[in-house]
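Read through the structures below before going on.
Two complexes follow with subunit A in common, the first pairing it with subunit B and the second with subunit C.
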Partner chain A sequence: MFYQTKLRSITLIAALIFLACYASFGSYFAREIVVEIIILAILAISLDLCAGFGGMVSLCHGAMMGVAAYGFAIMSAKLGWPLFPSALIGLFAAVVFSGLVGWVTSRTNGIFFIMATLAFGQMAYTFFFKSRWLGGDDGFGGISRFDLSMIGLETNDSLVFTYIGLVILLLAYGLTAIVMRSGFGRTLSGIHVNEDRMKALGVNTAAHRAKAMAFSGFIAGLAGIIAAQHTLYISPELLIWTTSGEALIVVILGGLGTLVGPIIGAILLVLMKHEISNYTDYWHAFIGLVLIFTVLAGGRGVFGQIEYWFNKLTQKHQSTTKPHGDDHA
Partner chain B sequence: MVTTMLEVKSLSKDFGGLQVIHDLSLSVTPGERRVILGPNGAGKTTLFHLLAGTLKPSNGEIFLDGQPISTYDAVKRARLGIARSYQKNNLFETLTIRENLMLAAAAALGKSTHMFKDTSKHADIRQRIDEIAEQVFLEDQLDQTVATASYGNRRQLEVGLALATRPKLLLMDEPTSGVGPNMIDRFHRLLEQLPRDITVLIIEHDMDLAFGVADLITVLNFGEKVFEGTPTDTRGNATVRDIYLGTGGDHA
Partner chain C sequence: MDLSFWILQFLNAMQYSMLLFLLSIGLTVIFGLLHFVNLAHASLYMMGAYIGISVAAMTGSFWAAFFLAPMFVTLIGAVLYFTLIDRMRTAGPMNQVLVTFGLIFVFLDLVRMGWGDIALGLDGPASLSGTTRLLGVDYPAYRLFIIALGLGVMATMWLVLARTQIGAMIRASVENTNMAAALGINVSKLFFLVFCFGCALAGLAGVAAAPILSATTTMGITILIPTLIVVVIGGLGSLEGAIVGSVIIGFMETFGAVMIPSFSAVLTYALLAVVLIWRPQGLIPARG
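The block that comes next holds the complex of A and B.
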C-alpha cells in the first residue's frame, strides 16, 4: 500500500531540483536529456501504478502514450483545432484506449495479461504504421507547442519547455500519489494481494482493474503530449512495444511500487545511456548488467533498496526509543 | 414482514455424477445462530460456497431477507450482506492487520472507488477498524503484518474481515480450525458478543463451542439434512450419535 513518506518526498524534491539544475547550467543538449528523462519518468509512473500496485505488468504503455500523442497531433496539426482542446482529446483517447484494453484483459493474470497487452499495443502500433494519411512509418510534423505567452512564457525556449515538463512531472506524480492513497488505490493493492478475498468483500475487481488501466492511460497520455510537443513531430515508434519494455526496465531499476523509484530509474537509465554511449556502442550490455544486478540483489530497485535500508535503520531506532504502538499513517 | 433471513429451497449440487448437496431446505430466522454439523464430506463447505455464490447450484432457490439471490454472483451477494470467513486463512498476507480491516471497511462503506481522499484518514473507516479490532481482540496487533502474525491472530482477523463489512448474514467456516483450547475460549466469547442483528451460520467441529452458541443445529450427512433441532434435542438424538460415533448407517 502506498504512503507518501518523508523519504519519498525528500527524494522527489531532490530529483526535481537535480533535473532543474542539470537543465539550467547545462547546454541545449543537457535540456534535451532532461526532457527525455521527464517523458520516460511519467510513462514509468503510469506503469508503476499498474504493475507495482495492481500487479498488472503491461506491455502496451508505449501505445497508451502514443495514442494520446497521435490524438493531440491529429486534432491540432491535421484538423487545425486549438492546442489545449486537442491535448484534452488526446488524453481522452488514451483513457478510452487504456480502459478498453483494461476491460478486455481484466480477467487475465500473469503471462496472459502480458501477452494480451502486448497484442493490443502492437495492434495500435500497426494501425498508425499502416495509415498513409498519418505518414505511415515516417509519421508527420507540423505540431506546435502550447502558446503560454499570455503568462509570459516562451515555450519554444528549450529551458522554459524543460521547466514546464518538470511541473507536469510533479503534477503527474502528485495526482498518482493521491489516487494510490485513496480507497481506489488501496483497493487496487488489495486486488493485487488477494483478488478472491476482495471479491468476497463485495468489490467488482474486474471493473476496478479496468478503471486503474484507464487512469494509468491518462498519466501515460501526459507523457505523450510532452513527447509530441518536444520534437514537434511524431512517428509510430512511440507506440512500439520496446518503448513499454524500456518503461518496465525503468520501473524495476528504480523500485516497483514506490512511485518515486520510476523517476530515479528514468534519471539513471537516460544518463547511463548518454554517458556510456560516449565511450562504447555496447551501452545496452552495460544497462543489461545493471538490471541483472538489481534483480539479483533482491529486486527492490535502487530507490526501493535505499528505502528498505532506511526503514530498517529507523525501526531499530524506534524499537529502542518507543516500545510500541507507533502510528505510521 | 420477513421472518426468515435465509431461506433455502430444495438446493442440490452435483459435480458430474457426485451428488454433494441433495434436496436441502433450510430456514434461518433473523439474528439466529445456526450451527451446521456433519462429518467430513457431508457437504458443509459446499453449502457455504452455494450460499456465498462462489459455486452455482444445480437446482433449487436461495432467498436472502426475502430476495431471490440464486442468480447473483459472489460480488453482488457480498454487497447484499453475505460475508464469509474461511476454513483456511484467506487474508491479505503482505499487508498489516489495520490495512486488511481498512480494505474491508472501505468496501463495505462504498469507499473502494473514491479516488481522492486518503482512506486511512476517513473518520468512519477508522472508527470501523477500531470497532472490529475490539470485537476480534486485535486492538494491540493492528500494525503487525499479517504474514508475521501468530496463527491465532490470523484466525481472528479472518473473522474480523468478514465482520468489517457489517453483514446481515455471516457464514463462518470452522473459525476455530487448528487453534488451541485458550483460543477456542476466545472465539466462544467473540461469538457470544456478536450483535444480534447479524444472523450467523457456523460450521464447527468443537462440540462445546457448537452446543454453547447454537440456537438450532442442522446436521448434514452425505449432502442431506438428517436432523434439525435445539442443542438439547441434538445431544439426545440417536441418528446424530450414530453419525458421530461412526456405527454406520445400518441402524435403520
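The block that comes next holds the complex of A and C.
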C-alpha cells in the first residue's frame, strides 16, 4: 500500500531541486544527463507501479515507452499532424498496447508473466526493427519539440526543455501516487498480496490487472514522448528488452514499491554510468555487481533501506502509530 | 526451388535446433529441479566459446578445446552455485532474474576485458572441414557433427533419466523435492550436480557453435531469448518439452526466414504468446 509519508515528500522535493540545480549550473552536457535521468525515472515509476504494487514484474516497459514515442513520431513527423494531438495519439497507443498485454497476460504469474511480457515487448521491438517505412533499425528523425512560445517558453533551449521534463516527472509521480492511494491502487495491492481473496471479494482481478497495466502504459508513454522530443530522433533501441531491464535495475536500486525510490535509482544509475565511463570502458560489470549486491543486501534498494531504518528509528518512540493515509479500498 | 534446397534448409534447421537443445536442456532441467531461472546460462555459453578459442590457440587442437572448454565452464558454474545460485533459490523469480541479469553484465565485460570487442573465429577440426554428401546435397561435415552431437546428448540424457538410478532420483526430485529428500535422496548434492551438468552443456554448446557463428560479445544475449522461448514453449523443467520446443523454434526460425522473411521474426514471439495464453504450463509440462 502506498503512503505519501513526510520522508517521501522531502526526498522527492530534494531530488527535484538537485536535478534542477544540476541542470541550471551545469553545462549543456549536464542538462543532457538530467533529461536522461528524467526519462528513466518516469519509466521506472511506471514499472514500480506494476512491479512494486501489482507484483507484475514486466519486461515490456521499454516497449510501452517506445510505442508512445513511435506513435507520436509517426503522427507528427510522418503524417504531419500537429504536435499535441500527435502526443495524445502516442499516449493512447501506449495505453492500448499495455492494456492488451495486461489483458492477455492477466492469468499468468511469476516467471511466466516475466516471459510473456518479454515476448510481447520483443514482438513490438521486432515490428519496428523490421519496418522499412519507419527506417528499420536506423529509426527516423524530423521530430520537433512542442511549440510553447505563446506562453513564452522556447523548448529548443536545453535548460527550458529540462525544466519542462522535471515538471512532467513531478506530474507523473503525483498522478501515480494519487492513483495508488485511491481504491484502485489499494485493490491492486490486494491482488498482489492475495489474488484468490480479492476474487472471493468479488473483484475482477484480471480486468483490474489489465487496467493497471494500461495506466502504467500511460506513464511510460510520457517518458516516450520526452525521449522522442529530446533527441528529435527515434529508433527501436527504445523498445528492446534490455531497456526494460535497465528500468527494473533502477526500481530495485532505488526501492521497489516506494515511487520515490525509482527517481533516486535513476539519478544513481545515470550518474554512476557517466562517472564510471570517465575512468573505464567496463561500466556494465560495475552496474551488474551493484545490482547483485543490492539484491543480496535484502533487495530494499537505497531509498527503501533508508526508509526502513527511518521507520525503525521512529517506531521506537511511537510503536503503535502507523503512517497515516486515507483507507477506502 | 527444388528438393535439394529444402533438404538443405531442413539440415540447417536441424543444426540450429540441436544448438538450441543443448542450451535449453540445461536451463530447463535446472529450473525443473532448483526452480531457478538462470538468465546467465547464455553467458556461460559465450564463455564456452571464448575459452574454447583460447584453449585451441594454446594447444593448437580443436578437440582439446572441445573437451576442456565445457570443464572450465563447469568450474565457473560451480563457483556461481556456491556464491549466488544456492542462496537465491528461494528468493523468488524477480530476484533471480535481477541477479542473473547482473551476471550477464559482469560476464559481458569480463569477455571484453579478456578477449576484446572484436569477433573471434575458431577453426573447426581438420577432419570435419569438408562437405559430406547426404540425401543428395553437399552439406558441411562440421554442421552434421553438431546435429549428431545434439542427437547423441539427447539419447544419452534420455537413457540416464529413464534407465539409471540417478535419473530416477532426478525425476523424483523434480516431481516432489521434499518427498525425495524424505526418502533419503541427498537433494542438495543432486541440485549441485545437475547445475554443473547444465553449465557443462552450455559450455559445450558454446565451443561447438564457435566455428559456425564466431564468438562475439553479443552472442549470449542473442541466443538467450530463443532459448528462453524454447524452454517456456516446451514446459519449464521438462526434457521432452526442451526437445519439442527446440525443434519447433529451430524449424520455425529457419523456414520462416526463407519463406516469409518480413514476418518471420515476429512469428516466434507470436507462437510464445499463443502458448502462454492457451497452455501457460507449456506443451509438455514437467509435472503431469
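Worth pointing out:
Just so it is clear, the second predicted complex is superposed on the first by the 318 of 329 C-alpha atoms of A that agree within 3 Å, B and C clash if a C-alpha of one lies under 4 Å from a C-alpha of the other, contacts with A are read in each partner's own complex, and residues count from 1 in each chain.
By our rule, a contact is a pair of C-beta atoms (placed from the backbone, for glycine too) under 8 Å apart; a residue touches a chain by one contact, two chains touch by 3 or more.
Since we're looking at a predicted model, the values are computed, not measured.
Once chain A of one complex is fitted onto chain A of the other, the partner contacts of A:V104 are limited to subunit C, with no touch recorded for subunit B.
Looking at the shared chain after the overlay, A:F184 reaches subunit B, while subunit C stays out of its contact range. Of the two partner chains, subunit C is the only one that A:Q122 touches; subunit B does not reach it. Of the two partner chains placed around the shared chain by superposition, subunit B is the only one that A:A200 touches, whereas subunit C remains out of contact. By the touch criterion defined above, A:D281 lies against subunit C but remains apart from subunit B after alignment on the C-alpha atoms of chain A.
When the two complexes are overlaid on their common chain A, residue A:F112 makes contact with subunit C while staying clear of subunit B. Across the complex, subunit C is touched by residues 51, 57, 104-105, 107-108, 110-112, 114-116, 118-120, 122-123, 126-127, 129-130, 241-242, 245, 248-249, 252, 281-282, 284-285, 287-292, 295-296, 299 of subunit A. Against subunit A, the residues of subunit B that register as touching in their complex are 52, 54, 74-75, 78-79, 83-84, 90-95, 99, 102-104, 106-108, 111-122, 140, 143, 161, 165. Looking at the complex, you find that subunit C touches subunit A at residues 37, 84, 87-88, 91-95, 97-99, 101-106, 108-110, 112-113, 221, 225, 228-229, 232, 236, 262, 265-266, 269-270, 272-273, 276-277, 280.
Note for the complex: subunit A touches subunit B at residues 1, 178-179, 181-187, 189-190, 193-194, 196-205, 208, 211, 215, 324-329.
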